[in-house]
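Have a look at these structures, which come just after this line.
Shared between the two complexes below is chain A, which pairs with chain B and chain C, respectively.
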Partner chain A sequence: MARSPLRFLVLILAISICDAAGIFHPISDSHRSAALDLFKPVDGSFASLEEAYEALRTFEVLGIEKTAELSKATCKSVLGTLESSSSTPKDLFYALGVNGILKCSSKEETFEGIISSLQAVVRDANSLLDFYYSIGSLRLIKDQTSKTDLHLSDAEGTFRSIKALSQSDGRWRYSSNNPESSTFAAGIALEALSGVVSLASSEIDQFMIGAVKNDIVKLFDSVEKYDDGTFYFDEKLVNMREQQGPLATTSSVVRGLTAFSSVITESLNLTGDKILGIAKFFLGIGIPGDTKNFFDQVDSLACLENNRVSIPLILSLPSTVISLTKKDSLKVKVNTVLGSHAPPLTVTLVRAFSSSARDNSIIENQELKFDPQDAVYFLDDLPASFDVGEYIFVFKMLVQDSEQQTVYATGTLTQVPIYVTGLIKIENAKIAVLDSDLGSVETQKKLDLAGESTVSVSANHLQKLRLSFQMSTPLGNAFKPHQAFLRLRHETKVEHTFVVGSSGKKFEITLDFLGLVEKFFYLSGRYDIQLTVGDAVMENSLLRDIGYVELDLPEPPENASRPPPQPVDPYTRYGPKAEITHIFRAPEKRPPQELSLAFLVLTILPLFGFIIGLLRLGVNLKNFPSSAVPATFAVIFHLGIAAVLLLYVLFWLKLDLFTTLKTLCFLGVFLMVVGHRTLSHLASASAKLKSA
Partner chain B sequence: MAKLLLYLTLATSLIPLFSVAFSPENPTDRRVLVLVDDFAIKSSHSLYFGSLTSRGFQLEFKLADDPNIGLQRYGQYLYDALVLFCPSVERFGGSIDVASIVDFVDSGHDLIVAADSNASDLIREVATECGVDFDEDPAAMVIDHINYAVSNFDGDHTLIASDDFIKADAPVLFQGIGHSLNPANSLVLKVLSASSSAYSANPKSKLSNPPSLTGSAISLVSVVQARNNARILITGSLSMFSNRFFRSGVQKAGSSIKHEKSGNEQFLTEISKWVFHERGHLKAVNVRHHKVGESDEPAIYRINDDLEYSVEIYEWSGTSWEPYVSDDVQVQFYMMSPYVLKTLSTDQKGHYSAEFKVPDVYGVFQFKVEYQRLGYTSLSLSKQIPVRPYRHNEYERFLPAAYPYYGSAFSMMAGFFIFTIVHLYSK
Partner chain C sequence: MYQRERERERERDYREEMARSTGKDAQALFHSLRSAYAATPTTLKIIDLYMGFAVFTALIQVVYMAIVGSFPFNSFLSGVLSCVGTAILAVCLRIQVNKDNKEFKDLPPERAFADFVLCNLVLHLVIMNFLG
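On to the complex of A and B.
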């Protein structure tokens, strides 16, 4: 992050777009609600005393009453830390910080043991952080108790050993064996030095203090600047062990600076502009989302709120949009960074000019009046010649009490972009169809842009469509809106947008359809006409469907370009599909069962006829062999025939071809043998009969 | 010592592989790489990041030009999702470039891209790869003189209150650049579109030509679901994720309702749930089919069989698989073209089933479920199954229509039998 101040700038601009032109707003209620959201204790206490200190300090600065519900659990851990002998100076520092806010304990005996151990730490310390935490703790104890004899034994020596870590460019090293210097450390060192001065039993050598003052001036030479007039400090080294961002670094320097300036008697010769720029840097961040950043921001702003170098005053506007119709007046607020009231000031509107014509001042050197009730400065009445538009107002503020002018940093000039809005008159709206050659008006219709009525016209490709209207500002001047579009939308949703041009007050667009047929893709039919007029300063921006034109365009030639595809509604694209059921082949037609049965009976009837015929003829079985052996063979022969026929029936019913043929084989042979015997017997019997 | 060092290196390099990660059984992303232009975004957009972290995502913040960033190591992706909150980056550091981001998405990972006015060519190129074209004019912003958010400080109407999406509680604040979608691209979808009075232009300069993007063709926020179910969110405003917009109240111009809080937080949180597969992720299990009345799955069906097809569909809720309830899941019985397309009936517990008759066409068929719904991952199931015709003995026997023929044959046989006896033995 250290190597990307530019990126940080981009970000600041991005996150504070409303502040883009350098309007900064003091801490407000949105900060308070954000603080409550951000510093959320778990079960009434915080994870560490450091977090508890940051939360409580933030609440204290913002004036949020939340100490009561937090004090019980937090105080317990504070007392635990204070009474424990193994607490490090850092633990003690934050414990004492919390104690200072919550007033957990003020018993002197609690502190007795700590004081001696801390003083021992101060004596033996060789790193900056040891000095910082131990001296900071001692100073907190001094503030919290009535002990007056709390002094550093060798304040002068301690001062020297901290000063020994300073570098020629105003930055500090963390310890003597660490060659890298850091701006963050400079802030810590200044805070530690201020602690030494306040804990010293006797006056510190003025020469030493002068040297530190010199260091501060050098440190402020390295301050970096953004285009919008904000100042900040950043670490120059990339590979620091603990990388600190610009916010933490600047915050550390501010804490050190304000602490140091509060303990020395003479003033630091720093310009108020830099302090104001740093204050604007903190305000420009907006509302950080990180507890650490939030604390750094709020704590630094609290330090700046009443520092002894110069107190920044922030000029802000409740609204940069002024409506002429609502008769808004120009109001300006001046507050300190935390939002409290500023001392009596003279706020002057140095210049006001239109952002397009910078040389023409509309108002010059007008003093704003003070309204003590709302604590706002306001401009009585805007001059009558004040029209809608975008303006840039330049303000200057001056503390009335000349003695206090050095106490406050007011900056030189503040530029604020102002939008003055009003109702724009739109009149004489007309739509006409012209003949191409002569320009004679075929049909002309009046439009009521305020109402709901629509018009319909029809035209062919040899004609022109003309739309015209007049716009003027409330003062009757010409007005050119940023957006003046005429849109023609075909039934197939193909859209064409045209910009309506203007000359003076009159706006006119003529669509020559002959030249547009190609652009319109030769699509004849109904085109809806939509007029959009809008501008940032126009309060009655409008989007109106004014009707439709029925266009008759020629048939497209073969190689004409096709209209672009239009987006499809995603719901139709992904919806369920229509069901498909298979159409089965229809079964073949069959006669009704009764008919089949009737024919079955018919087919059997001849059998009965045959049997009846036989009986009628008087058939008999007289030829049947009478002797036992031939009769047996005859019976077997006929049983065999019956078996073959039965086999056929079985074949029809269930048997397959192979079984049938096999069985038929056996039956056939058998039948042949038996048949031969039977027939030969019958033949011999008949031969006997003939011969006899 | 050297050995110990080796073990340490091994162990640290393997840690990302062992951590909980994206898997078919647990489709929510876990490890997210956030590339920023500046670490300050971490604090200015902390509400958004906080909502992600509280849902269990491991966010890793890196500067976009950090030389040590990379999406994969040893062929393994280190992250499940990438968030590009670096609209002004001209060149990524490390091994990341447009091609590697496209590969990352092609391998099924998710992406969030937030551009801003003056977005770099690199970010535009990433967006173009995803089927989204930002307005080419670098100074253009979306302006809407009718549907802007009323603000005391934003006079140029670039702060837009859009409520053109489903079930809006409060309008969503947007300030940034617009983009357009190719209508032929069916994978990319407008989530938040501008109103018909909006246009995309430079608010500081006068217009002489009509702007390239106007009206509701301007998309403010778009999502893409690729064919491999990778999801992408693209928006032209980084500030819509910021704490300032999350907390800010919103009042739409011309409306008297002042919402305490903009819809940004709800909108973007829900969309991030979708993008990171906490919502709308479906899985299908237990795909079964059998003949009606049986329970075993046959290897082949005969034409005109009655069969039952069933599948269970579950939706991932972020923590567990919940039954998916819908009435439009359809199954196809498919050979070259669908022969049967039937909507499955559901028991409201994730079980879907349908009964139908196998068509009287034989061949190799497929059971196909192609389920594509807006906002859900697509399901594509197919199972091959052959269908055979009737065997010779499966046709109908003893047709009544043939009874006369049978009758005549058998009466003939009976007559023959009688005739043989009569012929041989009658005198």
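On to the complex of A and C.
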């Protein structure tokens, strides 16, 4: 290498201090369509004036037309708020904001009543938010009417009381009895102070303005950054009343900063890099999904578009892929954050190098030409030494008019990763079956990887399969793709994948089946061969079935591993399953009906035998009570027993246990009472007989 | 020779007499049992008859099961056990009602009969439930 080590070190240092790689795109049409989707009014109007203001301001910045019904409905709500005497300064602030966009009313009478009450609020306010809303409302009134004589009664005093809430690190407190300070409050305070200055009848003391400028510088000392070169503000304290995220905090600071810088005469001592970094932070969010975030992003970018500190210019590339086959040219766009035209610039490609060989830059200090029709800077032709691959291009832009150079923030160097793609030549592809021990070629067939033809070979486990091809870039250099795989798939869908190794331009893989027999699970049969060669910069990546190989492997031994189960087709998993037919237990063999009936008769016979026996014994009913009352009881007793037996028969035939038990309870109690009477009567009768 | 014939004759006569006497003894035993039984009071005879009827019914059911197999086993069990159970309750009744039984002298027979009826009803409820 002919370069001196010092220059090498400078190179490395330059690369490290320039803006990190990353492209930011200015606001585009996708933002506009997203805004229309996001800010949808409910029933023709927005829920609150704050939301209406956010939506309408976003539409105004992005240049989206509002519908007439929406304007009418919102204007009605605005006028209602302005005329009502119970509106808070916050309501008036947002109503006036919407009025400024929709221009509902500019009549002086509407504002007369409000002005005096707002002035009173300013006089008596002691919290930052009260100052902010009242002063903001008064400023909006001054802008919307032609009242040039609208002034604050005590501008200096108000300025001093707002300034009194500031802290030494540039942040502000919300009120004097709240010790916590916040960066979000600093942004609000700066906006309020800018309102005071614009509403002051005479000039504010320059000493105080200088103090605020110092506060701003200290505030910007606490700015945080990400690796990709974006700057942002975040709250340090946790557990604040309502913790604002970095987006809300940064946008509050931007609003305050741009408002304050627009009312003071001297410039602020802030480097353009931080403003550019904050602009990149907003653009790096992309398209937010929340209305508040969307409004914060778009409103802050609108503030940055025309601010008096420094206007950020964004360098973006419409496409980071350059195709050698299509002979693309490198195109670069430079816009403001909202996508408007930038002033005339000189855009230089400082350096272009391959990401694998960083110290070898292929292009140095090439100025890009400007195409006024498309408003792009382009590089006509890449030099012939550009091969396919990944590169890093480093750009620098400079405003042509030297007086305007402080107005705009262009940053130092911007690194962009570029992909150069092209057609990779694949040639000399062949597949061969070799004899294992001798290494001699048994069959060799040429492959046409670009076409559709397939080949078929056959091999047994003693042979080897070799696939080889050569790849080279358009310039003839060796090329190593991200993916080079060979896959063998059996008829039973069992797959095996191998990586194709390379040395220089030659790619080759040899499958020795003797060693692979166990890996293949001893499955013989037809294997489809699939070749995959792919890379991000390869325009003709291929994934192709190049044919099949009939493989003859030996029989699997006893303890060979089985192939893994193949994944089930997901549709069959949820499809109907095979029907299950329940096999009922074979019923027991029952005896023939005649036999059962015969035995039924036989079982009844002993009963008759019993009755006959009783008669032979000379059984009599002499002891049956003869007098009326005991007789009835006796009869009822017998009937009761009969009833219980009948209940049992019914229970067997159709009743269930619970009804039976319930009935049995009643019957049983009845029976016991009656039986007791009857039997005790009988007992007393026999006792009388015995004693007599 | 004449003596031996006479001895044999005497042996034969002796054996015949023994057989006759055992037969006569058995008959005498049977007769005495019958006459003794005739002396039992009628109520007890009724209970004995009832017991015989129950056991006989159980036997018929067992024979049926032996022929056709015990498929609804619960039915077989409930049938047999109802007969056996009621026979046992009858035995208990007989014991309690028998005047010669010193243990149950103070128990009025009506009370025993009431117990018999109640227990039978409970037994038959369970049997009906188990019959299926």
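Note that in this section the second predicted complex is superposed on the first by the 548 of 692 C-alpha atoms of A that agree within 3 Å, B and C clash if a C-alpha of one lies under 4 Å from a C-alpha of the other, contacts with A are read in each partner's own complex, and residues count from 1 in each chain.
Throughout what follows, a contact is a pair of C-beta atoms (placed from the backbone, for glycine too) under 8 Å apart; a residue touches a chain by one contact, two chains touch by 3 or more.
Note that the structure is predicted; figures quoted are calculated from it, not measured.
J.: For A:P570, select first, second, both or neither according to whether it touches chain B, chain C, the two together, or no partner.
T.: The answer is first: A:P570 touches chain B but not chain C.
J.: Per the contact definition in the header, classify A:S680: touching chain B only (first), chain C only (second), both, or neither.
T.: Only chain C; A:S680 stays clear of chain B.
J.: On the A-aligned overlay, A:I23 touches which partner chain: chain B = first, chain C = second, or both, or neither?
T.: Only chain B; A:I23 stays clear of chain C.
J.: Figure out whether A:R590 sits in contact with chain B (first) or chain C (second), or with both, or with neither.
T.: A:R590 contacts both chain B and chain C.
J.: Name the contact category of A:L657: first (chain B only), second (chain C only), both, or neither.
T.: second
J.: Looking at chain A, does chain C or chain B touch more of its residues?
T.: B
J.: Once the shared chain is lined up, is A:T443 touching chain B (first), chain C (second), both, or neither of them?
T.: In the superposed model, A:T443 contacts neither chain B nor chain C.
J.: Applying the document's definition of touch, where does A:I287 land relative to chain B and chain C: first, second, both, or neither?
T.: In the superposition, A:I287 contacts chain B only.
J.: Between chain B and chain C, whom does A:G613 touch in the aligned arrangement: first, second, both, or neither?
T.: second
J.: Should A:F485 be classified as contacting the first partner (chain B), the second (chain C), both, or neither?
T.: A:F485: touches chain B, not chain C.
J.: Kindly list the residues of chain A that each of chain B and chain C touches, one partner per complex.
T.: On chain A, the overlap between the chain B and chain C contacts is residues 590-591, 596, 599, 602-603, 606-607, 610, 614, 619, 641, 645, 648-649, 652, 679, 682.
J.: Over in the complex, which chain C residues touch chain A? Could you list them?
T.: For this pair, the touching residues of chain C are 42, 45-46, 49-50, 52-53, 56-57, 60-61, 64, 67-69, 71, 108-111, 113-114, 117-118, 121, 124-125, 128-129, 131.
J.: Applying the document's contact rule, which stretches of chain A touch chain B when the two form their complex?
T.: Chain A residues touching chain B: 1, 4, 7-8, 10-12, 14-19, 23, 30, 33-34, 245, 247, 285-290, 293, 318-321, 390, 417-419, 421, 480, 482-483, 485, 487, 495, 497-499, 530, 532, 534-538, 541-543, 564-568, 570-571, 573-582, 584-585, 590-591, 593, 596-597, 599-604, 606-607, 610-611, 614, 619-624, 634, 638, 641-642, 645, 648-649, 652, 678-679, 682.
J.: Which stretch or stretches of chain A touch chain C in the complex?
T.: 588-591, 595-596, 599, 602-603, 605-607, 609-610, 613-614, 617-619, 641, 644-645, 648-649, 651-652, 657, 660, 664, 668, 672, 675-676, 679-680, 682-683, 686-687
J.: For a test of understanding, state which residues of chain B touch chain A in their complex under the given definition.
T.: Where chain B meets chain A, its residues are 37-47, 49-50, 63, 88, 116, 143-146, 151-157, 159, 175, 181, 183-184, 186, 189-190, 196-197, 199, 201, 203, 206-211, 214-215, 217, 238-239, 242-244, 247, 304, 328, 330, 332-333, 338-343, 356-357, 359-361, 372-374, 399-408, 410-411, 413-422, 424-427.
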